[in-house]
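In the two complexes that follow, subunit A is the common piece, with subunit B as its partner first and subunit C second.
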Partner chain A sequence: MNNMAQKIEATTPIDTSSYASATEAIRAEAARLLTEGSVTAVIGYRSGKRAGTAMPAIVTSPEKAAELIFSPSCVNNLALYLTKAKKDIRKTGKVAIVAKGCDIKALAGLMGESQLKREEVVILAVACAGVKGSGAATGEPLTTANIARKCRECTVHTPQGADSVAGSLSTLPELAPLEAEELARLEALTPAERWSFWKKHFSRCVRCLACRQVCPFCYCEQCMCDRNRPQAVETTPRPAGNMAWHIVRAMHLSGRCASCAECERACPMDIPLNLLNRKMAQELKELYGHEAGLKPKEKGPLAEYREDDDQSFIK
Partner chain B sequence: MHATKQQHDFEPKIVSFVCTWCTYAGADLAGTSRMQYPANVRVIKFPCTGRIDPVFILKAFQKGADGVLVSGCHPGDCHYMAGNFHARRRFAAFRKLLEFVGVDLARLEFSWVSAAEGGKWVEVVTGLTESIRAMGPMTEFKELKTEEHWSGQLETAELKEAYDSIP
Partner chain C sequence: MSKTITEQNLRLLVDALLKEGGRVVAPKLAETMTLYEPLATGQELDLTKLPRRSSKETFFPLCETILTFERDEAGVRVGDVDPASFPETVLLGARPCDAAAPSILDAVFSWDYNDEFYLERRRKTTIIGLACTTADDACFCTAVGLSPADTRGSDLFLTPLEGGGYACQAVTDKGKELMEKQAQFFSDAGSEKPLAPAEPAGEPLDLGKIKSWLDGNFENPLWTKIADLCVGCGACAFLCPACHCFDISDEGTEAKGCRRKHWDACGFGKFTNHASGHNPRDVQPQRYRNRIMHKFKYYDDKFGRTLCTGCGRCIRWCPVGIDIAAILQQVEAKVEVE
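Coming up: the complex of A and B.
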């Protein structure tokens, strides 16, 4: 459905010439930091085995810094490697991390939740025109048709507040906000229609929990959804438990999600999970004026309160 | 003498999560004052509305509740100073999420009932019971429970036959 909408739009290539200079800048900066010993590791991307792919890489010696790249295939949110769930990386000491604008939002969120200190990490930001969405072939260049949905509405192409910014962007094409349109379409439906929409999607879920594993904010050492005494959420991949899992996941991320859409990318069943995250972000903005940003906030919207909060729904 | 109880075709099951300091005491006051209210409501006591996790509401619906009522102290009266303020934000967000997923919000009610408001408790419970009785049973979550995963569906005659031949 989403892919269909993308195909209707004319396919024009997006200028990613700055990615080459970004790669150079990242390599130089990583080599410098590692040589002078101010960081013990650099978390970045390197080429995958197949041409045109990329994978996360942790570089610990200056010679290997030349392996780092930035390309439209650098889809991962590397902030994941700095959470408590990945303790071994942080143990080594101060690290540098390559981050797109959306990843910096996640880093800011982690700092706001005291999972990370700003002085513990060197942020090598990248000026990013967008990365490829799911279903894009490995060899093809970035176009207006295969760009990830989140990048269509990106507001942080050139992020602020990082230690360095690699590359600089020329003008970017105006893209239709497909996800916002889809959200508006769903909101206009009746509750029964929305229920059948989500039921259809959630009943396909195989509960691989990739959405949880890939989320920088799902860092709890014991997820409440894994507990069985008492069992809050049925663990088998059946419709009842799936519905509960996705509601609980969206609820636990509301007010925290940085909209990196990694959950949606990692989902093997193509469930539009980011729609739920988007919806909650939108509601929390309306209710409490909260928006995920590049600066850490001490408290999220659901961790604080005001005495005059809206209570029109309470009798 | 009690008035004779009216017979209904459908008696909704309503689960109410209440805080022990205000609403539970309020419901108790309604009882000791011999006020009448529908027996459809099952009261579950919590230390504070701040302790009521959205998962509990979900679980209640999954276990067959036709309606859920969450009730606690008025803002500013919380025994733990700010529990109900936090709960208020959480439930405001949770309502929006449930609405987006497609749950009818008329089945989920929130109220502030203090320990002195026995009358308000009766009013809230009676109102909710009557409105849910008019809406009929909540079927969405119950249907999900009986449904199988897509890979477990006996879509073909062979599968059905193999399934039936299991002793």
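Coming up: the complex of A and C.
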């Protein structure tokens, strides 16, 4: 949600003409799957009531497949709806899911954690040039200024490994990696300066837990941070508990986070949470050569021990 | 009583109130967003945008200590918080959807138990409302019976004027008193025209009709349909000017700690979790149903008011795009059909 820096660049529209054909392809595929009965539901996007908005949709009949869309407002990572947190959806049987490249990384992560089997899901991938960042007006088209920060550094515009890919992209603009730049800026600060950066951001946290609730990997049925007998982390929105909560969140997700940045997007208080996720991802890449990808891995870097693991941190 | 005040004098009024030792809470730019915050000077005042969070926290803070405790060999000592220590406050620049909220909340904080933490802050606060001249596609105050120029809940009410500055109307005696006491900042009303009020997008809703459907549909597939999407966070409730549920937590150690009252949200899985482990609302449809029922039925049954001012914050910030105005429209349409 922190899109301050995005205002620097001159605004140029981004070509999203393929989204119309992607929409057609998704509708056709969804209708086909539902008609032949190979899935009981298709999880995708439909238009919201306000013009230019989109929201998740769970379509269970072929007639309703025509409501599905793909647009620059299709921001959600729908993988969330396949987790334990939303277990009722999958009770009905095999489902199909519309997924951008970034979302497929989350699906792969869930498969790696035995939360989902590949054969239980039909992946309707979308060739995606990007979606809008928070703060973009609902009526605006996608531009180099309002594109979500994560999309600026996307490496999976046209994902592999799905059951089908809707749409095809023409050339995409080169965009400055604002998030990487911001991370580098933070890393160049002194620990005290970084501490005050995060203290300031966490002071705004209201503990609405939107960051946790939208995360595909926060599927624990009992979150340690909700416990009160005894309390592990202060649940009140105060400096100590806020800091503890965000550190616990970042640590528990390291090696698991697929970098969809949903936590940051959902935060109503504009806390740049994906910087924490990114930093953890960077450390895991350096230490264990691990990176979230499109293919499921049996074990995450922190769930596996190898003799040649770096142990220099043990003192 | 009606006067005018210039932009500059409004800032000077803030400075004067601060100099007298009072607290002024008003929209202020805080990095990427506007929030209602205590001002340090009148220069910080920024009335351009609807603040991200509502102004309810002026009376009902996000988190407050309600008692302290200490225990040692000598026994347990409990320390009270004295509401008399709360400062005199002026809430300035509250939009009609925010200004109207405390007048709705007064009922719930004083119907059986008088919540002195809330009520004392209410007594000590003067609300200066501000008419809206712009709205966005999530605003729906007119659909729930308010309007961009509604003075309900305000003690003084500002309406932006075409040539700059504001018309200032005393709505209550409290407002009149403030205007008289600070007379040097106000001038007699001239011939400047007020700016046209905003036109929120929301179509009018028939709240009576909606309530009649809710009366008979505690069990309905609609709740599951919506809740399939709801992720169970508290963004809607925490940004809402009218949601007022809170939890109480004891924090600290056995030897020393605080009892804290802090915002809670009916969307949370643990919201109604009993100490026994039983949860009467153990699935999301029951929780989402409560959100709608509480706002448009239960509160009305008990206090004759709707617990929603149409600010649109829950619509703007729901991470999965759930639109309460769209749901209400859907409910109203059901009455037509059924």
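The rule we apply is simple: the second predicted complex is superposed on the first by the 311 of 315 C-alpha atoms of A that agree within 3 Å, B and C clash if a C-alpha of one lies under 4 Å from a C-alpha of the other, contacts with A are read in each partner's own complex, and residues count from 1 in each chain.
Simple rule for what comes next: contacts are C-beta pairs under 8 Å (C-beta built on N, C-alpha and C of every residue); 3 or more make two chains touch, one makes a residue touch a chain.
Small disclaimer: the values here were computed from a predicted structure and weren't measured.
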{"item": "Partners on subunit A (subunit B, subunit C) - clash or fit", "value": "clash"}
{"item": "Touched partner set for A:Met55, first subunit B, second subunit C, both or neither", "value": "second"}
{"item": "First (subunit B), second (subunit C), both or neither touched by A:Lys279", "value": "first"}
{"item": "First, second, both or neither for A:Arg238, with subunit B first and subunit C second", "value": "both"}
{"item": "Which superposed partner A:Arg265 touches (first subunit B, second subunit C, both, neither)", "value": "second"}
{"item": "Partner chain in contact with A:Arg212 - subunit B first, subunit C second, else both or neither", "value": "second"}
{"item": "Single subunit C stretch clashing with subunit B - from 5-13, 41-49, 77-85 or 113-121", "value": "77-85"}
{"item": "Common interface residues of subunit A - those touching subunit B in one complex and subunit C in the other", "value": "204, 236-238"}
{"item": "Subunit B residues within the subunit A interface of the complex", "value": "53-55, 58-59, 62, 75-76, 82, 85-86, 88-104, 109-112, 124, 140-141, 144-145, 147-150, 152"}
{"item": "Partner subunit A, residues of subunit C touching it in the complex", "value": "30-33, 52-53, 62-63, 137-138, 201, 228-229, 231-235, 237-239, 247, 249, 251, 260, 262-263, 265, 268-270, 283, 315, 317, 319-323, 325-326, 329"}
{"item": "Touching residues (chain side subunit A, partner subunit B) in the complex", "value": "186-187, 191-199, 203-204, 224, 232-233, 236-240, 243-244, 247-248, 250-251, 254-255, 276, 279-280, 283-284, 287-288, 301-303, 305-307, 309-311, 313-315"}
{"item": "Interfacial residue positions of subunit A with respect to subunit C in the complex", "value": "1-4, 48-51, 53-56, 58, 76, 80-81, 85-86, 88-89, 135, 138, 204, 206-210, 212-214, 226, 228, 231, 234-238, 241, 262, 265-266, 268-270"}
